[in-house]
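Order of writing sets the chain letters: A, B, C, D, E and F. Residues in each chain are counted from 1.
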Amino acid sequence: MTDLLRLALLEDIGSGDVTTLSIIPADQRASAVVFGREPFVVSGSKPFRKIFELLDPEIRIDCPFPDGERIEPNVVVFRLEGRVRALLTGERTALNFAQRLSGIATLTRKMADAIIGTGCRLLDTRKTSPLWRSLEKEAVRHGGGRNHRFGLADGILIKDNHIAATGSIRESVRRARENAPHTLRVEIEVENIDQLNEAMASGADAVLLDNFTLDMLKEAVEIAKDRVILEASGGVNLQTVRAIAETGVDFVSCGALTHSARAIDLTMEFSVTQG
Amino acid sequence: MTDLLRLALLEDIGSGDVTTLSIIPADQRASAVVFGREPFVVSGSKPFRKIFELLDPEIRIDCPFPDGERIEPNVVVFRLEGRVRALLTGERTALNFAQRLSGIATLTRKMADAIIGTGCRLLDTRKTSPLWRSLEKEAVRHGGGRNHRFGLADGILIKDNHIAATGSIRESVRRARENAPHTLRVEIEVENIDQLNEAMASGADAVLLDNFTLDMLKEAVEIAKDRVILEASGGVNLQTVRAIAETGVDFVSCGALTHSARAIDLTMEFSVTQG
Amino acid sequence: MTDLLRLALLEDIGSGDVTTLSIIPADQRASAVVFGREPFVVSGSKPFRKIFELLDPEIRIDCPFPDGERIEPNVVVFRLEGRVRALLTGERTALNFAQRLSGIATLTRKMADAIIGTGCRLLDTRKTSPLWRSLEKEAVRHGGGRNHRFGLADGILIKDNHIAATGSIRESVRRARENAPHTLRVEIEVENIDQLNEAMASGADAVLLDNFTLDMLKEAVEIAKDRVILEASGGVNLQTVRAIAETGVDFVSCGALTHSARAIDLTMEFSVTQG
Amino acid sequence: MTDLLRLALLEDIGSGDVTTLSIIPADQRASAVVFGREPFVVSGSKPFRKIFELLDPEIRIDCPFPDGERIEPNVVVFRLEGRVRALLTGERTALNFAQRLSGIATLTRKMADAIIGTGCRLLDTRKTSPLWRSLEKEAVRHGGGRNHRFGLADGILIKDNHIAATGSIRESVRRARENAPHTLRVEIEVENIDQLNEAMASGADAVLLDNFTLDMLKEAVEIAKDRVILEASGGVNLQTVRAIAETGVDFVSCGALTHSARAIDLTMEFSVTQG
Amino acid sequence: MTDLLRLALLEDIGSGDVTTLSIIPADQRASAVVFGREPFVVSGSKPFRKIFELLDPEIRIDCPFPDGERIEPNVVVFRLEGRVRALLTGERTALNFAQRLSGIATLTRKMADAIIGTGCRLLDTRKTSPLWRSLEKEAVRHGGGRNHRFGLADGILIKDNHIAATGSIRESVRRARENAPHTLRVEIEVENIDQLNEAMASGADAVLLDNFTLDMLKEAVEIAKDRVILEASGGVNLQTVRAIAETGVDFVSCGALTHSARAIDLTMEFSVTQG
Amino acid sequence: MTDLLRLALLEDIGSGDVTTLSIIPADQRASAVVFGREPFVVSGSKPFRKIFELLDPEIRIDCPFPDGERIEPNVVVFRLEGRVRALLTGERTALNFAQRLSGIATLTRKMADAIIGTGCRLLDTRKTSPLWRSLEKEAVRHGGGRNHRFGLADGILIKDNHIAATGSIRESVRRARENAPHTLRVEIEVENIDQLNEAMASGADAVLLDNFTLDMLKEAVEIAKDRVILEASGGVNLQTVRAIAETGVDFVSCGALTHSARAIDLTMEFSVTQG
């Protein structure tokens, strides 16, 4: 991750932070604090800290709260002390990480809270910002969610287009069983109850119920609960998630957690000793 | 950019797309189409296309509309033809780019349309997804916006914390003029009319009016229009942008264009020849 | 993989192939053939070909047999035609890949043949040459073997040291179920029948029977067959593999396939047009 | 080398060691020891150590014996202390290096011992594992062997195919003298006594006697000893090496040292403090 | 920069410093000093130091003078203490940086001194050694020069060929104003007084007077001084620079500072403790 | 090399060629020619061509003269045709290579011509621009010079500081013979006739006569000619080189060829079709 953070910093700095280099002396120091203006769940402390350390290993950064903590407005989440140049040059890139990851954790927290007590677990998807999936999936955990497979290598998920290519659910599951490592379960996406029955008959371990209505979900649970793992997806949002979870499915997955979370507005404020 | 796209693909694929490799024959072919379910402005054709080309140079991809075009629901924006394996393996990563960049272009288009006729121009900021700034700033242009500086190297923007460090607006501008290349203008952030006057007296070329009320903006325009470039920022959204633009400022800048645009829901649908 | 092959070539070439550059004219051309001096199963055509293409995209390379084919002594497996310089400079690096990967495929073929008809499948391990796991696991498939998990991300395998750390098989399986993605099965290593029973009671999906005697393996099969997946490992070689397979276990895994296969002696012979 | 080791580690870890992360607490610590089950010559301490340091700079690793030392069965060669997660995650990759490099050092030691007292020196070749030549050539030295040229840049070795291209031994040597840096000797491969005579007449500094019988080697030594450097190769193994060395050649080179050494079976055993 | 320095070191070392490794024991230590044989302005301390630190973090390096200081012949500019191997292996690469950068600083100092009191400032250009622009532009500052834009991204400079493409100075300036970020000034190259007038009428912020005679420069200053920034270029050397500066232009730019400065002859001398 | 050229281009372009992008349409095309204003020996066609191809694979580049040819003033050495954007964006970086490499070839040509008929050969050194040694050594060959070792791996050169560390010339040569690969000659630097005698007695293959007077060189030739290779260095320039060569030494080496050659002034001129 350090290499990517270094590139991210370089993306912003280019040939040099011309404003800071031209007006701030190399040895001037300052303290700074970061806080939000709304309640949020903090995430992204690691990249936030690393960005500054890459610029100047002597910067001291204090994170009073662990990632995953709920933070009130105007409460300081990060404190920094060090050379003004590094603080100013790293500010935007570091905040770009923290504001987005905290946005994901905050949205996840709201949805995870909404299904408390149902026994259902909230999952993310692969709809993440390219190159930052690891951080975004961690933010989902900070918000109380759970991770689906990381990528294409650590889980078998047979989708509608796979089924179209093989000709049937049965053939798809058979080939996966035959060719994929025995360390992986076989999950398959279905669109109705008939397909669910076929998936179970074919020996699938888990079934993704895509865009099922609440009634269909309930029927699926009656048929399949505890025989295969049931995951509901499609149309999942803060308004709908509780009812879906209450049908008895094991998991509900939601792409918006990572692709459409609103960034948290974070402010960095300096107390400078004049140079 | 190709190197980063390759890494993005690798992030998803890891040691291999185990589902596709285990159930799809190497030589099976298919066609596919991509469309949205809501009206949107398309962006991201380049990374979308490149992702598939990295997987299989023989895939054919057709983009009937140029980036920046307004697209109706269910209208095909991308057509693909080639090996099923590459189509399935690249699908998610390619869509992750297209859905986010189209989201940015769509939001920008709405805001740019809102200020048509005012003479004011809409600007983005540096609040972008790390490593994808170039694509996101391009998406802003596709939506009818204009780019602020790319990063820290190609523009001088003296912010409140810089001023705190130097002690005054005057000293900040003086140092920038003295030390920075003569090819760059000097822009400075101010918080009230007094600071605006000091900035102008110091010889700044442009002034960022941060969180000014509409009345303050109007006063600033009366004082400074055509003598320095005026940019308004803070609290800019679809509800407020027109009134801000109508005060007569030259530019209005908005971080949400890139940090909080909602992703466009894009679907890829295959027509497969069974293998 | 191309990047690694490029580095491998650079490792050999360094600042230049001083022999070839000093005595061979740039435009001299030749044909060449590659053959072995013993029967073997061919593997490594892809890196063999790619090494030469990296040196000179105009070299023509013909591979009359697909990877996985049994080849008789002195039968040509690769034919090449192109500039002498590239042929000579790439020879050693290309052969280093082909001789090692063919060695793995050949050894795997012998062991896979040894268990034909038992219903048991032969697996590789993670004991591979660093950075070439993907090629070596492919060579195992060319030899008729099957791949265990690729690495640490795409399979849960709880080993003795994991168990020591958690305190029990039960607790290990419980934590894995609780925290790992639902797309992965849980496999656990056991050293005796009691542990096998505990593993099954804990809900493991697969069990690695480590260094079990043939009698213990038979007992394990009686107890657990078709209820959990059974994998035998330890002391597996050409002499022992058939008896192990005949106990009825589902899989037998063998590290020597990749860590101790003897390289196949391959020769490249040129027919040069004098320059 | 550190960059390649990092990649090797990443190859195994991928998106994360899901077993360890899901069942081992972040702060649990353990000690561990590594030992072999057969006598061997140790090599690979450096990559072994580095792999763990890359994972966790706080791991302490003690290597009681220097590389090159002969180790008895069940004697501890490496001791480790640190976080269980890093110990488990790094185990396989670190052992993959140590087991292969110790295998090379052990085989080399046997062959070097076999020619003690003859005055002949044992050489390796360029038949190494791609990207690990530097480590493998070091393992050869640990086993008492000596290194031939590292690669194509630091030695002139004119082979049969080079000669075919230039038309003669004489012309090959002439061109090398004319065009290659004066800092390099000229070595040439010959297949019989006539070619040896021609090589000497052409002014070669060293001659590689390829697949010579013992009688031919003796004749070559009579003709050429102390006038050119003599290196024997082809058919060199533990059975034949002493007789070859006793003919009086200066060097005997053997590709099997690096391409076909059997890996040493190394075991890592933990003493864990339960978490 | 560290990555590039590492590559530079690798370029020289290749597979190993065979001289040093074969004759110097690993633990032998020495002191060394570096000095010039002519007066010069020192630059390059940072890469000089870093090269050795990359080889051996324990080497101690003392730079008694800051970069930019004038150094007399035979005065020690760098002192080193550490392992002989690292000192010998790093010597050439480290000196290659210091001798070139000091050469640039020395030439720049002479030209900057030549225009003292004129109010004109000396600028560098983009005619730098590829990949080392940042260091070379810093050397120009060490010599008392000032930097023009770093590269193509942080300044608009419309040249004769741009003008040919757009058809006119007016159109060129218009397009730049319309499309480029407002943070950049617009500078344009002109070849005569008429073009200067057109440039000013078009609203250019700065004008590059290319190959103007002294009389033309004086006329340009009369017309344009304090209305636009004036930069003179072409035929600038130690003989001509003062007269050009005295015409009253704001800047004079000179490519030879970086493309043709003569390297300073630096010597490293060791005091070794015999090993 | 392509990777480094790509980085060199990126160094100049940064986030984008803002001048060209803002004023030149994407589809406008032009022809261009490159010529010098003084006689020179051309070198650098390969990087010149590659820089443009990296920007736009469709650019056509014609090099009427091979590298190494003497070119008259105002004679076209490169012709280009393609998109104006790529031509303008690549111009400076491409010329930076061609002007420096042609400068090296031109200076080398002059010095090589100065020693024609003496039988002595002109050598370069390792005093090259970091990361571009391969190109600069090729430019030396284009100018009629010959290359010394490429770097520290492909030649043994024992210098004064090595001797100080081992204690004597004899011991230095002994260790090198004992430990270095037999494919390398042993060259040693000496400062007077006594040391030359010691070097020969120790069995050195080549001797570097450092800063010898002409009389000392003649004495060295009398003593050692045809018994060891003799290389003269120190104080070599256009005025001195012939007399040094006429002493009868085999080689004369000169660092200034690569560290202080003046760049050739090359001009690129466009013929544009207006867009």
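We take it that a contact is a pair of C-beta atoms (placed from the backbone, for glycine too) under 8 Å apart; a residue touches a chain by one contact, two chains touch by 3 or more.
What you see is a predicted model, and the numbers here were worked out from it, not measured in a lab.
A.B. asks: Find the chain most remote from chain A, comparing centres computed as mean CA coordinates.
C.D. replies: F
A.B. asks: Please work out which of B-C and B-E is bridged by more C-beta pairs in contact, and write that pair.
C.D. replies: More contacting C-beta pairs are found at B-E.
A.B. asks: Compare the contact pairs of D-E with each of A-B, A-E or C-E and report the one sharing over half of them by residue number.
C.D. replies: Overlap exceeds half of the contact pairs only for A-E.
A.B. asks: Answer with same or different: of all residue numbers used at the interface between chain A and chain E, are over half used by both copies?
C.D. replies: different
A.B. asks: Distance from the CA centroid of chain A to that of chain F, rounded to the nearest Å?
C.D. replies: 53
A.B. asks: Roughly how many whole angstrom separate the Cα centroids of chain B and chain F?
C.D. replies: A distance of 46 Å separates the two centres.
A.B. asks: Between chain C and chain D, what's the gap in Å when you average each chain's C-alpha atoms?
C.D. replies: So the centroids are 21 Å from each other.
A.B. asks: Could you state the distance in Å from the CA-based centre of chain D to that of chain F?
C.D. replies: Going by mean C-alpha positions, chain D sits 35 Å from chain F.
A.B. asks: By the touch rule stated above, which residues of chain E touch at least two different other chains?
C.D. replies: 14-16, 18, 150-151, 153-157, 181, 184
A.B. asks: How is the touch graph of the chains shaped: line, ring, star, complete or other?
C.D. replies: complete
A.B. asks: Could you pull out which chain F residues touch chain E in their complex?
C.D. replies: Its residues touching chain E are 4-5, 7-8, 11-24, 28, 30, 32, 84, 87-89, 91-93, 95-97, 99-100, 103, 126-133, 150-159, 161-162, 164-167, 172, 175-176, 178-181, 184, 256, 259-260, 262-263, 268-272, 274-275.
A.B. asks: Per the contact definition, I'd like the list of chain D residues that touch chain B in the complex.
C.D. replies: Interface residues on chain D, with respect to chain B: 14-15.
A.B. asks: For a test of understanding, state which residues of chain B touch chain F in their complex under the given definition.
C.D. replies: So the residues of chain B in touch with chain F come to 134, 150-151, 153-154.
A.B. asks: Quick one: in the complex, what on chain F touches chain D?
C.D. replies: Where chain F meets chain D, its residues are 147-150, 153-157, 181-185, 187, 205-206, 229, 231, 250-251.
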